[in-house]
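So, here's a batch of structures to check.
Both complexes shown next keep subunit A, but they swap its partner, so subunit B is in the first and subunit C is in the second.
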Partner chain A sequence: MAAIQASPRLRQRKASLKMRLVPYLFLLPNMAIFGLFTVWPAINGFNISMYSSSNGRTFRWEGAGNYQRILTDEDFWGIVRNTVVYALSFVVLSVVLGVMLAVLVDQQRRGRTFFRSVFFVPVLISPVVAGLVWNWMLERQNGLINTFLRSFGIPEVPWLVDNNLAMVVVIGVGTWMQVGFYMLILLAGLQSIDPSVYEAAKIDGASRWRQFISLTFPLLQPSILVVVVLATIHGFQAFDFIYTLTGGGPVGATTLIVQYIYENGFVSPIRYGVASAGSVLLFCAIFALTIVNWMIGRKREAA
Partner chain B sequence: MSNSTVTESAPEIAPSKTWTSTGRRKVTSTDALRVVILVTSALLALIPIVWLVLGSFKTPAELSKRPPTLLPESWGLSNYTEAMTRFNFPLYLTNSVIVTLGATLLTLAINSMAAYALAKYNFRGKNGLFLLTLATIMIPLQVILLPVYQVVASLGLVNTLWGLIIPAAATPTGVFILRQYMLSIPDELIEAARVDGAGEFRVFVRIVLPMCRPALAVVAILSIMWRWNDFLWPLVVAQSESVYTLPVALARFTAEETVPFNLIIAMSVVTVLPVIILFLFFQRQIVTGIANTGIK
Partner chain C sequence: MVKKMRTTARLLAGLAAVGMLAACAPGQVEGQGAAAGPSAVQSVDPAQFAGKTLNYVYFTDGPDAEATAQLISKFEEKYKVKVNLETLPYKDLVTSVQARLSGGNAPDVVRLTGLTDFRDDLLDLRSYLGQDYAKEFLPGPAVGATGQDGKMLAVPSDLTLNGPFVNVDMFKKAGVSLPDPEKPWTWKEMIDAATKVQKATGSQYAFAMDKSGHRLSTILNEYGTALVANGKSALDTEKAKQALTPLIDMMRDNRMPRDFWLGSGSRYSGANEIFLAQDAPVYLSGNWQVGQFAKNAKFEWAAAPNPCADKCGGFPGGKYMAALQKSKNPALAAEFIRFMNTTENQATFIKAGGFLPTRKDLSEKGVAYPARQADMDVFLKDLARTPELGYAANSDPAFTGSATELVNAVSDVVGGKKDLSTAVSDLQKKTQSLVQELH
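After this line comes the complex of A and B, so read on.
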């Protein structure tokens, strides 16, 4: 009698222990890879930035020495300046052009899907190829763009030779590659706005511009916030297309922080400590900006 | 395609027509302006790609012509065949395919399992793990490049295809998309399968996964796009030529000027086309996938 009573309870307890383990087993493979290749490196990154190495194998303790070195390095501040100029212009252009394209595509009845797809094509193509093609098209003497301009009597533009123009080109190509992605997010935001809110405005005889400013724009703000956050993160990470577009040149005029990290970490002469200190500073910048963006977004929503 | 959009929005158009009927002229002029801007932007988006494809058919002599010619003299495939036979491009192409497919399969497997646990079980640390996963969207590879490389190096994975496949497989975006989708699967279905005596893993494989097909498709397509175009990580891990992927080979050869430019162009087209074709076939999934993850 006692045995009969005990056995189902025992089985139940056993089963529940197994049941409690099951979700962890499901999580294990993902979290193992995730922990090993993302979480642990993120923590270890701070640690590494306290050491220096010229080959990536033997390390010497530096303490805050790397930070001291990097923060007093004029080249580094030049790279910070380039990165901020790029990221800021990229975010502003992405939002402005993204909203513009999204609104136009949304209002377009005929061929809406076509335009949406076409604007998304540059997002799909390999950034390495994008940089390569634009480099080719912007070639000074024989490039497609200068040839086109010449037919209007405009003299050769030194796109990739002049420091400031090269930065303009990098910003332009970076935006060209990503704006279709942001447009999609904004378009989804636009389409989730209840069309009936426009009815009242139409009855009041508000112009389209007025409707945009006082209705569309405020209702679109959650999507704009998402775009600002993503574009900020994207902007600070830009590297791949620049590698084939300008290579960071002329004379470092378009070298951004990720290229700086890559070159110091992997291209001789290797300065591991400087590279990892740069990575930590980049992480802090992205983290702080993301928080600031969300806080501004929250405040706006509350107001 | 355009037909369906017209019928979709037809009910909204009907009332607006009566409102604008007095100012019809004004409306058509803004419509015209809009179409002009849209068409110009579309040209800006497409011209570089069209120029690339046209260039891939041109001979070196044609490519150096001043001024450049628009259309190639012939549509021969000699640049493609030459790139594939004279250089190691078939190898890079194979590497790219293996890495992309391998990483995507691994991502689908581990992301869906993790998503299932996060969506359908209650356990200690569930919310913490979910938040941790989401938070790492803020930690892109670029900022942990060196420490990740150290892990990969200490595992002996440098210059191997596994070193390209494994580290990027646990995507937070994939976990997120799949979890959101699995939340909509009714618990009763899973319970019913359990009552029938199916084990937990069997329930997952036989019941849950087939129901998640749309979400799995979205994750698969995103993963293929990401891995195929990846550059910084392969650049760092694939140091020897035998493990180059297409983007790494293109970037290195362009910088070194070791491969003639006409062949670089042809290989660029090979690098770009698969993703564009994939997009044309799976547009709807890609668009909804991005719209959903972007918003939430």
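After this line comes the complex of A and C, so read on.
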């Protein structure tokens, strides 16, 4: 009797299990690819960071030796400083310019698609090519920009050979390459704001600036948070265009952490362990910053 | 509270899983499973290779590619085998061969510029080519192909030598006499001549050189020191300061292109375009430029002897042919290396590529190049003057890393980050640390 009574419950449980499993099955292909090509290499990278190897086949146990080596390396701290300066400037410029461009494009009655495309085009250019092209344009003697400046009697500017200017150039080119992407995210955020709130503000006599400060900016905050998180990740991962633009020079003034990892991993003498340890440290930094950004965002949303 | 505990438990479980994974070595632990080569010399019968396939991973300097293809055809015909020639871009060579070794798909033979990255993977060729085979090669280049316990890990297949070129048209226009290859000029004479030509012709610079630690080592060698040699840091800081001072002075007053040096960061950069554009009358590079200049220079130029300081002569480089322990056909690989480096075949190869010989017989007999014989003779004469220290330095496992640090040291001084004494002293510490790490 008990067995007969349990049967519908069992069926119910089975059905419920199936229902719970279905979404995971839909996610499975994507998660399998993500696990195989992202999670597994990341775990393996952490593992390799505990060893030293120059060929990727034979390994010697180092424990925390690679981390100790990196953290006691004077050059590394210079690179960390460069990376922080670049990432911070990149995030601030990306958000400010992204918001400005999004608002300007949103206000266009005609040609909105055209302007959106114009600002987005640099995102589509290969970073390596972008670095090379800007390198040619910014060369001191024969570069396009200095040639143009010379025609107005302005002396040559050492764009790529002055430490501070080179960092300014790298930040500028990095922002130019990505700002179109962030503009699109912010533009989508702007377009999702209910127009009736602006109508109400107009009726109340709010100026355009007041509308921007009191309505647009607060309502755009979820999109801004996304941009801040993405720009932080992009900022800390910047490498390819810098390598072809300045090579990390002059005198290491634009060498960022990914170049440090690349040079340990792929330039003789190869040190896979040190490169992996650098990657783990970079992951920890980006992860921590993303969590902080996310928590700040949640607090604001709750408020 | 329960939620928090669950999250903490999950986090700890995750960390434990990662920790357990970390406890497993990602590959073979050092000292385990080293492959042993055959102990006795094996006799070779060409018929034994018939029908086999050999994979040769190669990079080209340009003109040598055709000669290599011709020699491979001859080998295939003689031994009735198939050679797969895989030409890779030079910058991908090491990582690509490393990846193939990791993936169990090792090539049989590989052309290399140095053995550092593969020393533990290379076949000891003595077992196939005989104990005395190394004696067929010049002692300097042979040093670079020798491993621990006298193992012959490769065959030096061609030799290069760093050295300067002069723009003859500019020298003539300035009324400055050209250097005599028989009586090399000094560093001071070379810089004075270059500066005079610059002033007389209005060229942008007096002197240009590739941004390379290998090229900078030429100057160290001429001043009687080296970065590393024979497993030790060999840098004499006083001599290094003397050697680098003229270059730094020239970059400070822009007689040498400062922007060129600083603007490429940590990347290698060749100054050949500066010389070809006639922006500098003297250019320090090496004999591999002869073919390129013969083709592209729109002016009269010549190879000049290396300037002397304490010593004369240049700094050697070159390439090696090596077989891998994981080769499926080690005997065929060794035989292919022997074939490509017979007197006749090496002559064909170096004539086409504009290289210098590594074989003693070719070096003694001399090589008749198809063009620019006088320029190649300048390098051959300098080869005889080149100090042994250069070969010992270039073949040291710590050389490549130290050469990078040498470029960084010069950049630090030129960029105003350090004074020369501090930069050289730091360089010495870094070379010592590299020697410790790589030996």
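Convention: the second predicted complex is superposed on the first by the 269 of 303 C-alpha atoms of A that agree within 3 Å, B and C clash if a C-alpha of one lies under 4 Å from a C-alpha of the other, contacts with A are read in each partner's own complex, and residues count from 1 in each chain.
Here is the rule we use: a residue touches a chain if its C-beta (ideal position, glycine included) is under 8 Å from a C-beta of that chain, and two chains touch if they have at least 3 such contacts.
All figures in this text were calculated on a predicted structure; none of them were measured in a lab.
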item: Which of subunit B and subunit C A:Pro23 touches, first, second, both or neither; value: first
item: Contacts of A:Asn44 with subunit B and subunit C, given as first, second, both or neither; value: both
item: Which superposed partner A:Arg110 touches (first subunit B, second subunit C, both, neither); value: first
item: Touching partner for A:Tyr243 - first (subunit B), second (subunit C), both, neither; value: both
item: Subunit B versus subunit C as contact partner of A:Phe287, first or second or both or neither; value: first
item: Residues of subunit A touched, compared between subunit B and subunit C (which is higher); value: B
item: Partner chain(s) touched by A:Leu36 [first = subunit B, second = subunit C, both, neither]; value: first
item: A:Ser223 touches, of subunit B and subunit C: first, second, both or neither?; value: first
item: Subunit B versus subunit C as contact partner of A:Gln141, first or second or both or neither; value: both
item: First (subunit B), second (subunit C), both or neither touched by A:Val128; value: first
item: Contact residues common to both interfaces of subunit A (with subunit B and with subunit C); value: 44, 48, 56, 141, 243, 247, 266
item: Interfacial residue positions of subunit A with respect to subunit C in the complex; value: 43-44, 46-48, 50-51, 53-61, 135, 139-141, 158, 160-161, 163, 243, 246-252, 254-255, 259, 263, 266-270
item: Residues of subunit A touching subunit B in the complex; value: 19-20, 22-24, 26-27, 29-31, 33-34, 36-42, 44-45, 48, 56, 100-101, 104-105, 107-122, 124-130, 132-134, 136-137, 141-144, 147, 150, 176, 180-181, 184-185, 187-189, 192, 195, 199, 202, 208, 222-223, 226-227, 230, 233, 237, 239-240, 243-244, 247, 258, 261-262, 265-266, 272, 275-276, 279-280, 282-283, 286-287, 290
item: Complex contacts: residues of subunit C adjacent to subunit A; value: 18, 21-22, 24-30, 94-95, 98-99, 101-102, 114, 116-118, 120-121, 204, 258-259, 262-267, 397-398, 400-401, 404, 408, 411-412, 414-417, 434, 437-438
item: Residues of subunit B defined as touching subunit A within the complex; value: 1-2, 5-6, 9, 12-13, 15-16, 19, 30, 34-35, 37-38, 41-42, 44-46, 48-49, 51-52, 55, 64, 66-68, 109-111, 113-114, 116-118, 121, 123, 126, 129, 132-133, 136, 138-140, 142-153, 166-170, 172, 175, 200, 204, 225, 228-229, 231-232, 235-236, 246-247, 250-251, 254-255, 261, 264, 268, 271-272, 275-276, 279-280, 283, 286-287, 290-292, 294-295
